[in-house]
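You will see chain A twice below: alongside chain B first, and alongside chain C after that.
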Partner chain A sequence: MPAEPSPPPPPPAAPAPVSPLLRPVFPSSERVVGALQTALAALAVPVLAVVTALLVGGAIIALAGRDPLLAYAALWEGCCASPRALSETLVWATPYIFTGLAVALAFHGGLFNIGAEGQLALGALVAAWLGYALPGLAGPLPAAVHLPLVLLGGTLAGAAWGAIPGWLKARTGAHEVINTIMLNYVALLAVSYLLNGPLRDPSPLNVIARTPEIALSARLPRLAPDLRLHAGLLLALLAAAAVWWGLYRTPLGFAIRAVGANPAAARTAGMPVGGLVVAALALSGALAGLAGAVEVAGLNYRHELGFSLGYGFDAIAIALLARVHPLGVVPAALLLGALRNGAARMQFLASVPVDLVVVLEGLILLFVAAEVLVRRLYRLPPAGAPLVFTRGWR
Partner chain B sequence: MQTRGVGRTTGSGVGHGRSGAARAARGRRSGAARAARGRRIAPFVLALALVSLLVLAACGGARGTAQGGPGFRVGLVTDVGKIDDRSFNQSVWEGVQQAQREVPGITETKYIETTDPKDYEKNIQQFTDAGYDVVVTVGFALAEATYQAAKRSPAIRFIGVEQVLAKDDQHPDWPLPNLVGITFEDDKAGFLAGALAGLVTRSGTVGAVLATDAVPPVYRFGEGFRAGVRHANPAAQLVVAYHNDVGLDRTFSDPEWGKTTAYSQIDRGADIVFGAGGKTGNGALIGAVERGKWAIGVDADQYYTVPEAQKGLLSSAMKLLTPATVHLVRAAKEGSFPPGLFTGDVALAPFHDLDGQVSADVKGRLAEIQRGLTDGAIKTGVPAVKPAS
Partner chain C sequence: MTGRRLALILAAVGLIVAAAVALGSGQMPAPAIVASMLRTTLQVATPLTLGALAGLYCERAGVINIGIEGMMLLAAFGGFVAALAAHAALGDGAVGASLAIGVAAAVLCGGLAGAFHALLCVTYRVDQIISGTVLNVLAIGLTGYLSRQLFFQSGMPHAPGVLPTLRLPLLADLPLVGGVFEQQPIALAALALVALTHVVLFHTVWGLRARAVGEHPRAADTAGIAVARVRWANVVVGGLVAGLAGAYFTLESVPTFEPLMTNGRGFIALAAMIFGGWTPLGAWAASLVFGAAQALQINAQGFGLAVPSQLVGMLPYLLTMLALAGLAGRTRPPAADGQPYDPHEAQA
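Our next item is the complex of A and B:
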């Protein structure tokens, strides 16, 4: 583990809070090799889990009487073989990065956020509302004001929705797993009501529960002509870097991780454990809400029922595949986005049902979770300390 | 053609795999001492070889299938849902398959199941990119994507099932010469079902369990049913429930709600339950039959599509989706494609096991009503969409 900043008081935003004497300006070659070894060792299990899942998935395709090579060839073609395919993969991966970060961040605080789905839906709805209604209420706005407001609104909605289970846990000990799941229903049904009722697109031919289109000033720019790839991807990558920096380089991140590692010790050390639980879940919800806002501002230009269903749940798979490392979330989200995106091509060329992608996702998750199995299969050395994702009732 | 492409690249794939794996193995030996034992490296070699084989085979597949084949090809894109949904997707797909059997010259039919609404466009593109001759898209939600695809690919004929568009700001070019929307007079189908229910009820109470009335076909089924009951049996009690409390993603796929709502209508005296709206409606049929009551289905002959409800399934208010699909695919093949809107036929399905329970008198009245609906003597009085409240 890299050098830690000392616990609560050090000055914020200091890149090297440890004494400069202890920290060489240029890392020695041993440190570089050591870091590379750590990285390789951390990558081994996820990579092998994916490979194993693809092999088992191939066997399943063969058992179903289809050609696994053709299926994977089509999957590859559909996800990555053309600029348009790549663009669509990145479009799929963008919300996955945000929600994957949301779940990973909560895990660092010892919290299992299953509520990203609801937080995302609320974020998307608030962003869509700000996107189409704000110009009517406040007059035309320049994009430099409108777009940030839309994204901020979605983020805050997600954060508020995430803070509720955090507060319940801090105040009453009610387990966040149950409360985040339950709040999903509340959020999704509330969104459904609003989309069917007050916020429904009133245009005469519309029969779908959706908002009107957001104003042009609320839209994220597209990154290439004729492709749907939008600037949300850059925000997602920025968010990954920010979460990494926040978790490993700031006092708040350290405190959240301390609570995640051992809440009793954190309390003994004088940390406000309750407040940190609320903060972790609120930040997690903020990322999920931002995912929804970016989907609205970058891709769909409105919120519609049925869009983005399942992002919050796939996020759990992504966070686990990334072994909850914020930077690992990016490749994990890309992988899942590629699978989801390539599935249509796989159906078309190889007649393999889309459900195979869900099977693959399940297998990957299984092999990542059953780390011991993968290690024995490939004769890797046993793991060090196991990752603790969440804990029981306190 | 395809097999040759894959076979050719498979050979080179293995070669690349070996050299890549060997490089990796060397790197590991010199870098990390832990991996020194060959026993640990063997599975890596295997895995890497397999991965590179897959990747290279992928490139081969891409080459092998890029060019379009000869003949007449028909593709279908489902709404979010499965091809075997025992409802819309399935009936239309059966129409496509029947067309392939009956119309000479159709060489290939294929479908893609949609899992997320943002994929509509991409899934349609699979067929347009491959140069298919006809693309059938199923369901209201695909209307926009189908319209845009039809504009982009004027040489390809598009059949949009249950897709009604009109000339407006967003669709200035409607109707397109290569796009036809299949619509049904659902209110008439519902009216027939309502008349049947009104005529055969013994308790004098009939129920209807429906998906959301925000979707016009569901609204027309429900209100048509209401009008049919009133027409045939003005004294009958009516219990109508729309599943408006959830979103589009759920309103058609909530069999539990359908079942429990059917139960509660039966508790309120209904002895016949009309169920309409995908799996939600099917749940209502099953619930009614479980309680020993009769059920009337919708869309297809649900005697075959919901076997669990067979012994109590009186009939179904059928939209004849399959023959309409066959007709339009045939028209596309034979060069008589009718752009704009196409109105498919509706009818009551056979009574099957309960045929003996329906008197000749009732059958006579139903035939009379059907004639009246066809020649316009009977009007259902149901608007096309739910009036804005």
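Our next item is the complex of A and C:
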């Protein structure tokens, strides 16, 4: 990755409408009250968006002749009402944090990464291969060496897959939205081929497309006995802090945000815009790849066809719900994880199909994106310019 | 769209057909392979052509639409359910009428999805790519939810059939290639819509206004064109066309619905539109390239080749990327594509 530690260039000369992405995260420390007000104002729309989505979802449940209260009670029971349920919610939230960060980071660079799904699948595949094949190739390894290698391998695979659309955009102007989607299909087909062919678990008992189990030395520890909660959650929280620090406290992060806010101004200021586009998408892909590696090393201990359940797509909703703030990604991922985790219970107890949570996700996305709807509904003061995350086909 | 570009794109189709002939030469006579390839190409290119035209109406008026995939999925489901309901009401004597009602419902669903997109991005000036994503997520969620809610106990039913194959008079009687001209109604409608869209965009007042609004909304506004209204109309028309593309999936291709059945076709259609330089003829030619790649994949299975199906399956996607990377030269989007227009905003 071209992480040029160039000195912070002078800020671009008065870039016309200042993107919300470039606003300082925290107001200066002497204005704590102001900071609290800012935080409350920033939280109002996402929270009300979730509430409104749940209300509309309830109406949809009622229209189908089911009991919305029963459905939501079952959803709550399934996601949060016992240590096991909570642990499963956190297990769901772990890859969501990584992929949500991946999408949010790309947004800061003015880029829309819809390819987290494919980057995650490749990261998981490479991690699984390193996990089971490395001891055979290099002899037994201590966990202190093997586990980091597994995680690094998955990260690099995701980074490489993310760098391709970045390079294509920087070099030819081809839009990353189409290319990341195309690369999703290519990655999933490649993974399907490898899992059915060269990397398939050769044991005679195996009847499905999956790799062999990874070695014990490649596994992340579990955090509690009898629960599936694993140390990947801690890595995810670390990643959120690291992305926040990287975006707001390093020259590279500043440059990426400058390109996202106004590429013309960034170019005038002497920033290597093309390289920064590649860097932003490679870092974004790295986070998604790490998500896959952590799923393999912490949870599944192998890669299996179709294990990814739309983490990459849900990541878009998470990033937007967090209003692309790296630290906001954590609660947003917890919310989506809880919805996904509780859905099965809801289907079982209240006969409401699990797909309802996808509808809820779309509604949340809608109300976050169309802020003006929420503001009008709840008589909030109007916001400034509407949030614009992307810049058309350019 | 220059004639040279168009020729270049069509040459790519020829190249893929030639590849099929080379691969299958041991098993079938070459003319039969060519006829089969062309027929399948036209068939499978149908949703891509229609999707690309849908995108074209929106984008020529300055509204990016990455929600075509979702529009098609909603329409495929809506049309399917309507055809089932009509069949239940009308009985076996009126299969054709049930299917026609299904197609009409699908087109209507597409139009409603278009109105939703227009409401968000034209009226509320929401980020257009986000609005398209909302549409895609809601379409996946709603069709999945409703199909499970409606058909959970009974299992997924089958529609009363698919639209009949029509023989174009004279052309279908030609020796060897006659089969190419035996197509189903939506495939034929797609061809007609390519011509119609070309005329509408470049030879009517509607098209002139749409293009003006897509290139320079402020100038159009100054000239007395109601920017928001023109954008609304074009996005809804785009939705109607995407709805017809949706009908292809459940009423022309297979008589059933399955979740996620559009399988990325909406995005490939978008790539075809870009590849085709934002023109109807170019978009159609580009759709044929992707259709031919898919036809090659279908025919290659028939030839019993040793290449893993997943690798052949990557072909349309890789082709899309190559196309976008400017294999056939750069293309230029409408100047105001993707930019919300606020009539009260001070001129920058």
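Assume the second predicted complex is superposed on the first by the 363 of 394 C-alpha atoms of A that agree within 3 Å, B and C clash if a C-alpha of one lies under 4 Å from a C-alpha of the other, contacts with A are read in each partner's own complex, and residues count from 1 in each chain.
Please note the rule applied: contacts are C-beta pairs under 8 Å (C-beta built on N, C-alpha and C of every residue); 3 or more make two chains touch, one makes a residue touch a chain.
Note that this is a predicted model, so its numbers are computed, not measured.
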item	value
Partner chain(s) touched by A:Leu234 [first = chain B, second = chain C, both, neither]	neither
Touching partner for A:Ala73 - first (chain B), second (chain C), both, neither	first
First (chain B), second (chain C), both or neither touched by A:Leu189	both
Chain B versus chain C as contact partner of A:Pro353, first or second or both or neither	both
Touching partner for A:Thr172 - first (chain B), second (chain C), both, neither	second
First (chain B), second (chain C), both or neither touched by A:Tyr378	first
Chain B/chain C common contact set on chain A	189, 192-193, 196, 353-354
Chain B residues within the chain A interface of the complex	2, 6, 10, 31-32, 34, 39-40, 43-44, 47, 50-51, 54-55, 57-62, 65, 80, 110-113, 115-119, 122-123, 126-127, 130, 140-141, 164-166, 168, 212, 214-216, 244-250, 385, 388
Chain C - residues contacting chain A, complex	64, 66, 120, 124-131, 133-134, 137-138, 140-142, 144-145, 148-149, 152, 259, 264, 267, 270-271, 274, 308, 310-311, 313-314, 317-318, 320-321, 324-326, 330, 333, 337-340, 348
Touching residues (chain side chain A, partner chain B) in the complex	33, 36-37, 40, 48, 51, 54-55, 69-70, 72-77, 81, 88, 91, 188-189, 191-193, 195-196, 202, 205, 207-209, 299-300, 304-310, 340-341, 343-345, 347-349, 351, 353-354, 377-381
Chain A residues touching chain C - in the complex, by the definition given at the top	16, 60, 64, 112, 114, 168, 171-175, 177-179, 181-183, 185-186, 189-190, 192-193, 196-197, 313, 316-317, 320, 353-363, 365-366, 369-370, 372-373, 386-394
